[in-house]
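Heads up, the next two complexes both have chain A, just with different partners, chain B and then chain C.
And now, the complex of A and B:
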C-alpha cells in the first residue's frame, strides 16, 4: 500500500466552535494507481489533498487521524522531516501554475529546485540535464529554449507543463494534482490529461487527482472517491460509479453534468 | 423570424504598445427573436470582445452593429463583481425601476414577482449579495437584467463558476425563462456541453473569426470545420 488515510479529520479553527471540513474519511492508494477525488465546493476534497503534505493554511489543521505513506505517518512528522518527503517522494501541482511558479526565476531554476533541495550531489551540469529531460517529458517542444524563460513568457498550458516538469524531476512516487486542468482551455486540458496518463504508464507514478469535474475524472482515473460535505459518499471503480451509482448524491451529481445526449430545450426535444 | 441584432463585417483591435492586435476579424452574425444563440470558443478567441462591441464599450474599426430592440442586459460569470455589495437584494432589483421612475408600489410588486420567477424567496430580498450563495447571486443578476423588460440578454459564462448541481439549476432557469418570455439570449461559453444543452443555434469562434455556424444538433452531429471537430473531441 502506497498511501493509507485513516479516519482523517480536518477542522477550520477560525470559527467557534471549529468547523469540520473533513469528517473522519478513510481511503487508500496502491502503487501506480490514479485515484480521483471529486466533489463540489465545500466537499473537503482540497483540504484532504493539502493535508497530506501539511500544506493546509494556518486557519485549519488535522485534528485527528493518520496519513500513512509507505507505512510512515505523515501527519505526525515535523516540518523538517516532511521537507525530505515533500517534492521528493510526493510532489504536488495546482490549478494556477502562475501563482505557484516564482515569477522572477527562470523556468530552469525552478525545475531544478527540487534536485537542489534534496541534494543528492548532482553537479550543475547533471541538474541541467535532468531539468531538460523533465521539460521534454512534460511535452514542452523546445526544452533548451524554455529553460531560460520566465513564467510570464509562457502560455497557461506551457506553465502547467513546467509545473509538471518541476514536480516530476525528482521522480516522486506520488503526484497530488489539485484541479490542474480547471483553468485551461479544453484542447489544452485534453493534452495535459493525456500527459498525466503517459507519465503514470511510463514511470508508474501514482496520481491523486482532485477535481470538481466528473467528466475529467472519468477520462483519467481508475478509481474515484465522491466527497460531499466532508465525507466520502461513494467509492469505487470509475466505470462502476459512473454507470451504476449507488448513492443519491452521486446520482444527482452525475445527472447534473452537462452532456451531449439531452437538450434542456423543450422546443428542440420535441423536434 | 425577425432579427433583434445584426453585426455586419465588424473588425476590432486593441493597441498592444505600438502595434495593433486584431481581435475581431470581419465578424458577421445575427441574433434572432426568441432564441438562445450560443457563442463558443477558447480563451483569446475574441468572444468577450464581441460582446463589448455589441454593447458599445469597444468601438469597431470597421463594420456596424444594428440593434432592433433596447440595448441588451448583461449577465456575467461572477455576479459578485456586478452587484452592489452594500445594498440589499430588494434594493438592487428595484434600482433600474427607480431610474425609470416607476412608482414605488408598482416597483415593490414587480420586484416580488420577478424574485418569484427566478426562484428567490422574499427573505432573500432582505439580504446583501455577500450573504447569498453563488447560485443565488446569479439568480439576482438574471432578475436584475430581466426586470427592466429587456428582450435581449448577453450572458458571458454565466454558469462557469458554479458547482455542477447549481450550474444545472441556473441552466434550467435560463431555459425556462426564455421559453416563457420569448426573449433572446446570446450565451457565451467555453463549455460545449453547456452550449449543446441550452442553445438553438451555435457560433464557433476562433482567432477573432466565426469558424462555423449552425443549428445546434446539426453542428454537433456534422461539424464541418476542423477546429470544431477538434473542440468536440477534446471536450470531456
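And now, the complex of A and C:
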C-alpha cells in the first residue's frame, strides 16, 4: 500500500462553528495505480490533495484522521521532515500552468530546483543532463533550447509540460495532479493525458488525478472516487462506475455531460 | 499589443546618474587644486580659466570642492541606502512572508518610526550619536528602514500567494530559500526603484543636515555644507552656491528619474 487515507476530516476555521470541507473520507492507493477523484467545485477534492502534502492554507486544517504514505503518517511530521518528502517522494502539479512557474527564473533553473534540494551530490553537469532528460521525457521538443527560456516565452501546454518535468525530475513515487488539464485546450489536454499514461507505464509512478472532467478521468484512470460535499459518494473501477453507476449522485453527474446527439434531438423536437 | 515606448525617464535618469558618478570618480583620483587649500589672493575669484567654478570665501577652488563634495554626498547616500535598505528589505521580507505576531510587532514599531518627520528623527539620532559622516549614515539608515520595509512587505504579501510559491513549497523548498531565491528576483524592479528613491532622499537629507551643520564636518567638503557656508555671499559671489547646488540637483534629478524609469520598466 503506497498511500492510505483514513477517516480524513478537514475544516475551515473562518466560520464558527468551523465549516467541514472534507468529512471523514477514506481511500487507498496501490503502487503504480492511477486513481481519479472526481467531483464538482467545492466537493473537497482539492483540499484532500493539498492535505496529503500538508499544504492547506492557514485558515484550514486536518481536524482528525490519518494520511499514511508508505506507512508513515504525514499528518504528524515536522516541517523539515515534510520538506524531504515534498518534491522527492511526492510531487504535485496544478491547474494553472500559466502562473505556477516563477516568471523570472529560467525553465532550466526551475526544473533543476528539485535536484538541488533533493538530489544529494549531483554535480552541475549531472543536474543539467537530468533536467534535459526530464524535459525531453515530458515531450518538449528541443530541450536544450527550452532550458534557457523564461516561462512567458512558452505556450500553456509547454508550461504544463515543464511543470511535469519539474515534478518528475526527482523520480517521485506519487504524483498528485490537481486538474492539470483544465486550463488547456482539448488537443493539448489529450497529449498531456497521454504523457501521464506513458510516465505511469514507464516509471511506475502512481498518479492521484483530480478533475471535474469525467471524460478525462475515464480516459486516464483505473479506479475513481466520486466526491460530493466532502464525502466519497461512490468508489470503484472506472468502467463499472461510469457504465453502471449505483448512486443517484453519480447518475446525475453522468447525465450532466452534454451529449451532442441528445441535444440535437431536443432542438429538433422543439422546432 | 501596446507599442513599445521609449523609456525616456530611464535613459535620461541613467545618463545623469552615470555622468554624476563619473564626475565624482574624477574627484577621487584627481582634483585640479587641493580642495582644502586656501589662498588669500583668490578669495571670491569669479569663474575663470584657472578656476572654472570660481573660488569661495577662503579662496578654495570650488570645482575641486564640488568634485570632492559630490563624492562625500554620494558615499553617504549609498551607504545609507545599502544599510537602511538592506535591513528594511530583510524586515519587510520576514514580516510580509510570515505575517502573524512578528509582522504585528515589527510593523507597529515601523509605524512609530514613520510617525516622526524624517529629518527631525535623524536630528534626534545625531544629537544622541554626535555629528560626523558615519553617524549621519547611521541616523539616516535608521530613518530609512521603515519605508523599505513597508514596500518590501507589501510586495511579499502579494507574491507569497502566487502559485509559483505554492509549487516551490511542493518541491520541498525551505521558507528562506523561497523568500530570497524564488520571490526576491520577482520584486527586484520595485526594490531597485525603491533604492533609487531612497538614494535621492538620502542625498537631500545629507545635504540638508550638512547645511544645518550637523552632518559632514569641516574640513571635509560636502555639497550641503558648501551651500550653508556660502549663503551669506550669495549676492556678491553667486558661483559659490550655484555650482554645489547644481551638483545636488544633478544627483537628485538623476536618481529620481532613474527610479521613475525603473518603475515604468517594472510595469507598475
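Following the convention adopted for this analysis, the second predicted complex is superposed on the first by the 262 of 271 C-alpha atoms of A that agree within 3 Å, B and C clash if a C-alpha of one lies under 4 Å from a C-alpha of the other, contacts with A are read in each partner's own complex, and residues count from 1 in each chain.
Please note the rule applied: contacts are C-beta pairs under 8 Å (C-beta built on N, C-alpha and C of every residue); 3 or more make two chains touch, one makes a residue touch a chain.
Here the structure is a predicted model, which is why all the values come from computation and not from measurement.
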Which superposed partner A:212 touches (first chain B, second chain C, both, neither): first
Touched partner set for A:77, first chain B, second chain C, both or neither: neither
Which of chain B and chain C A:189 touches, first, second, both or neither: first
Which of chain B and chain C A:86 touches, first, second, both or neither: second
Touching partner for A:2 - first (chain B), second (chain C), both, neither: neither
Which of chain B and chain C A:96 touches, first, second, both or neither: second
Touched partner set for A:232, first chain B, second chain C, both or neither: neither
Shared chain A contacts, counted only where both chain B and chain C touch the same residue: none
Residues of chain A that touch chain B when the two form their complex: 40-41, 156, 185-187, 189-190, 212-216, 218-219, 252-253, 255-260, 262-268, 271
Chain C residues within the chain A interface of the complex: 162-164, 166-174, 182, 185-186, 188
Complex contact set, residues of chain B against chain A: 36, 42-43, 163-168, 171-172, 175, 179, 190-194, 196-200, 216-217, 220, 230-231, 233-236
Chain A to chain C touching residues, read off their complex: 53, 55, 82-88, 91-94, 96, 99-105, 113-114, 117-118, 163, 166-167
